[in-house]
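As written, the chains take the letters A, B and C, and residue 1 is the first residue of each chain.
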Amino acid sequence: MLTLSHISKSFGATLALDDVSFDAAAGEVHALLGENGAGKSTLVAIAAGRMPADRGESRVVSRERTPYSPDTSDDSRPTTRLSLVAQHFTSIPAFTVAENIALAAGWQESGKALGVRARETIARIGLPLDAEAVVETLSVQLRQRLEIVKAMASDPQILLLDEPTAVLAPREVTELLAMVRAFAARGGAVVFISHKLPEVFAVADRVTVLRQGRVTLTGRVAEQTPRSLALAMIGEAPAQPERVAVTPGGTRVHADGLLLRPERGGTPVGPITMECMAGEIVGIAAIEGNGQRELLRAMAGLPEITRVDGTLRVSGAVGFVPEDRTTEGIIPEFSLTENFVLGRVRERWMDWGLLAADCDLALAEYDVRGGNAASAASALSGGNQQKLIFARVLSRQPDVLVAEDPTRGLDLHAAAAIHARLRSAAANGAAVIVHSSDLDEILDLADRVLVMANGKLVTVPAGASRDVVGDAMLGLPTP
Amino acid sequence: MRLAPPSSNSRWRDVGVTAGAFGLGLLFLALFLLVAGFDVPLALGALWRGAFGSWYALTSATLVRATPLILLGLAFTLGSRGGALNIGMEGQFALGAMAAAWMGTHTGALPGVVALPMVLGAGMAAGALWMAVPVLLRLRFGVTEVISTLLLNFVAEAAVSYAVTGPLQEPSGIYPQSASLTMAARLPKLLPMSRLHLGLLIAFAVAVVMAVVLKRSRWGFELRAVGAGPRVAEVSGRIRAGRLLAVALLISGALAGLGGAVEVSGVSYALYLNLSPGFGFTAIAVALLGRLRPGGVVVAGLLFGALEAGAGGMQRDAAIPAVAVQVVQAVVILTMVVAANSGQRTANGND
Amino acid sequence: MIELALISGFAAASVRVATPLLLAAIGETITEKSGVLNLGIEGAMLAGALAAAVGAISLGPLGGVAFAVAAGMATSAIFAAVAVGARADQIITGTAVTLGMTGLTGLGARLAFGDAGAGLTIPTLPVLPIPGLAAIPVIGPAFFSQSVMSYVAFAAIAWATWLLFRTRWGLEVRAAGESAAAARAMGVPVTRRRVVATVIGGAFAGLAGATLVLSQVGTFTEKMTAGRGFIAIAIVVLGRWHPIGAGLAALLFGAATALQYTFQASGSAVPYQLFQALPYLLALAVLAVAVGREKGPAGLAK
């Protein structure tokens, strides 16, 4: 149904896709596996007609899309019934569910007629949603559901799913995978993008692995092992550092009955009672929008979160790694030195020569590659930008380190370097509190796991299994 | 959103972009005059003579005209580097002029060394005070300074109109203007046989101070950080962006007010209606053409001073309305913001 | 009876003064709904005013209106090309367009009319009382005994409401204004919608300029719009980005301005400059009260 042959695409000097061929037949789920930055999203964007390929051909059913067709005009709607669920939500928060479906499916109705059609469509797809609800009031899981409903509303024959499980807890993942299988069973073709091996084994018939823009493996899932796929994805696996047993020191963070008002108002988060000692890594497992952002930012002392009730004691200097590198961590047009010294300098005048020398030392120590003290931060890759942020935060030797999803969007090598930094910070006596959207990362990294659901802290027994933690993230009762 | 193109590695390319923008503006003017049926060579000749044709034209027209443009261009630069757009310099200029006129007619027998700082200080205070309204509206109510400063321009116009027909009107009560400043309250002339006054050196001094502050001081660094990445500055730099920007905007207002005071104390010696022929808007073009750098603003201010002086010559010798140069200014601004954006896009091309 | 006449006169003056503000604000509402803040409508209004004067002299009042719409659209098209097409900063671009139009219209006026100015020989739009309705006390003179431009403005409220909230095009425009990225991902031609919404806004600004010349002042003078375009932007905020809200807000501003005439006529001792400044002060107060609570399109001017 969908055939991509010999596709190449580059952005500037970076070759994102290099002679990639890929196809998906009716009735099958074809998984596209690869690390962040391997070229998966670029490939589906080309398949969906959202982006032109430099070379090669993309064919949907019997219709042809020539490589140089003017599909870049922002007017192009997929000509066949092909739907893409993009990695980032593409709904308008201020609009209702019905208006968003209408936009995506190209409906002409408005007012009452629109409400009727939306309700009918939602019922037909079988993923319940309130058609009149304004999207910004929905939970992240319901917004993800809306993305799927939008894609299904035009009754597609081909479904492209770009990491649809990223914000879901294990139980919801299972539901989604069942829906995907059912779609294929009705004769649809599915391209399922992921970087998580278990999902691929659970849902896909065939698998293609991309690495740095090239196909490194393609074949039936049944003939693969986790090992063979992992090798195709990342080549040499980064060495896993030895876990050093830590003996926690004194209490650095202490919250008792803490109630926090979120940035944009709404129900307060909490009450939260917890501690974090010097030398330990506390992992906070939670799905987006469950109060972990407020808790972490309150501990980091950011003024936008206000305390309603309870106590929060944080002793010593705090270092904070924000979730969104590009809007909160790095000023792209500033030099590495300027980014490095942000918030560090207390003197009235800046000695740029001295600061640049400091920065160069830190760049070497934290293995930041791709630029020197004078180059612009925009020249760095995402992983190196994150290393620069860690250099800034850790070179001040904080007593408490708060990190929001510090490896989001990084490839495995860069993520491993960040993990090592977090561990060494703890080993050097910092109290480390880290949140991640990836449950496995939390389980792997943290000495102690805390779960947040609906703004409350849920206790999970020490050494709880992945599924128990996953259910707790959904707010389901723990055994 | 970036306003001025980032400096590239090649100085010549930077100069090229700037010269290109200015040249394009002149080209548009010439085309327009051609279409309108004017004698273009005569017009451009008059423009040149009005700006550089004689020692008097250069010092008494071009440099005198450049002085307020540099001061106001610097005022706009300071706000913009912090990400705030002061579109109300016209109003702050008027209020500064009004305060200076009041002070300059009330200094009595005080000597110049005392009277002049009082006159200029009054202008700065008035400009800052006029800016305090938008700053308060922004901090307390979240009203963008763009609209509030713009609206206050019209209020300032009404205020000057009231002042020159009411409390500040000259003693005879006939003309809509204030009394003349005392001799001590007037800025000294720099050269014999020329109208050039001390204000130009004041403008240069402000530019030097601003360049040093932006580049070398922590305050300047923090201001630039707030302008380039407000959330980064707050979250990762622990900078109180609102307060920092408020101070920057107040200084910006004070500099625009200083511009008004310098004009009254150095050129007009009295407050008139429409004292500013649109300096507050021309200065935006000056600041953008100068790439929001103090040194660049000085050069661009001199260039635009020449242009406006030339426009006066054009009106006298070729009967072309001086407002025509606003077309040049508009084209320069548009060219610079487009260049700013295309530069930005090539810089982050791989997103 | 004298008081009733005074009130009737005040109400009629309020609506008359509100008409250009309303027209410009409706257009700017459509523009801002698409995510574009056009400070250049002041310039588009000025261009419309000059074009209306020129057009009316050669082709009569309706020709003037047509010229004005074309001039407003052309001015906004320049803005759209730079601010939407080349994605330059909208605020600076709008300021520059207004600045440029101030110069061009000043030059154009002297070319067209000479140093003496346009004079009062421009054919204007007559007042069209609507039979029957115009006789209602106060309301009649206010709403049913106005120039045709006022009726156009009332109709435009309904038309713009329908366009924005009842059509697919309106849905796409509003999506473009909320989030360009999300709208684009859902197949909305964001750039095209924004350009068209901006040019429509320019057409209305042109109409507003024509109203000033053809049914209020009767002539063209330099800078005659005097910031009305900027006040229209405040009206859009106060009107919560809805044409009906813009209508009510424009009436408020019309009343504030009409107060000036009423007081001047009554020979009050309060300096007239205070009334001259009143609409701008009101706009500031309104922004302070309204902005905190009213959310505009999330992607405005981004």
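Methods note: a contact is a pair of C-beta atoms (placed from the backbone, for glycine too) under 8 Å apart; a residue touches a chain by one contact, two chains touch by 3 or more.
Being a predicted model, the structure only gives us computed values, none of them experimental.
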Label of the chain whose CA centroid is most distant from the centroid of chain C: A
Winner on C-beta contact pairs when A-C is weighed against B-C: B-C
CA centroid of chain A to CA centroid of chain B, Å: 47
Whole-Å gap separating chain A and chain C, where each centre is the average of the chain's CA atoms: 46
Chain B and chain C, separation of their C-alpha mean positions in angstrom: 29
Interface hub residues of chain B, defined as touching at least two other chains: 2
Chain B residues touching chain A - in the complex, by the definition given at the top: 2, 6, 216-219, 221, 224-225, 228-229, 231-239, 347-350
Complex interface listing, chain B residues touching chain C: 1-3, 32, 36, 85, 87, 133, 137, 140-144, 146-148, 150-155, 158-159, 161-162, 166, 278, 281, 284-285, 288, 320-321, 323-327, 329-331, 333-334, 337-338, 340-342, 345
Residues of chain A that touch chain B when the two form their complex: 11-14, 302-303, 320, 322, 327-334, 338, 341-343, 345-350, 352, 376, 378, 389, 392
Contacting residues of chain A [partner chain C, same complex]: 50, 73-78, 86, 88-95, 99-100, 102-104, 106-108, 110-111, 150
Contact footprint of chain B on chain C as seen in their complex: 39, 82, 86-93, 95-97, 99-104, 106-107, 110-111, 222, 226-227, 230-231, 233-234, 271, 273-274, 276-277, 280-281, 283-284, 287-289, 291-292, 302
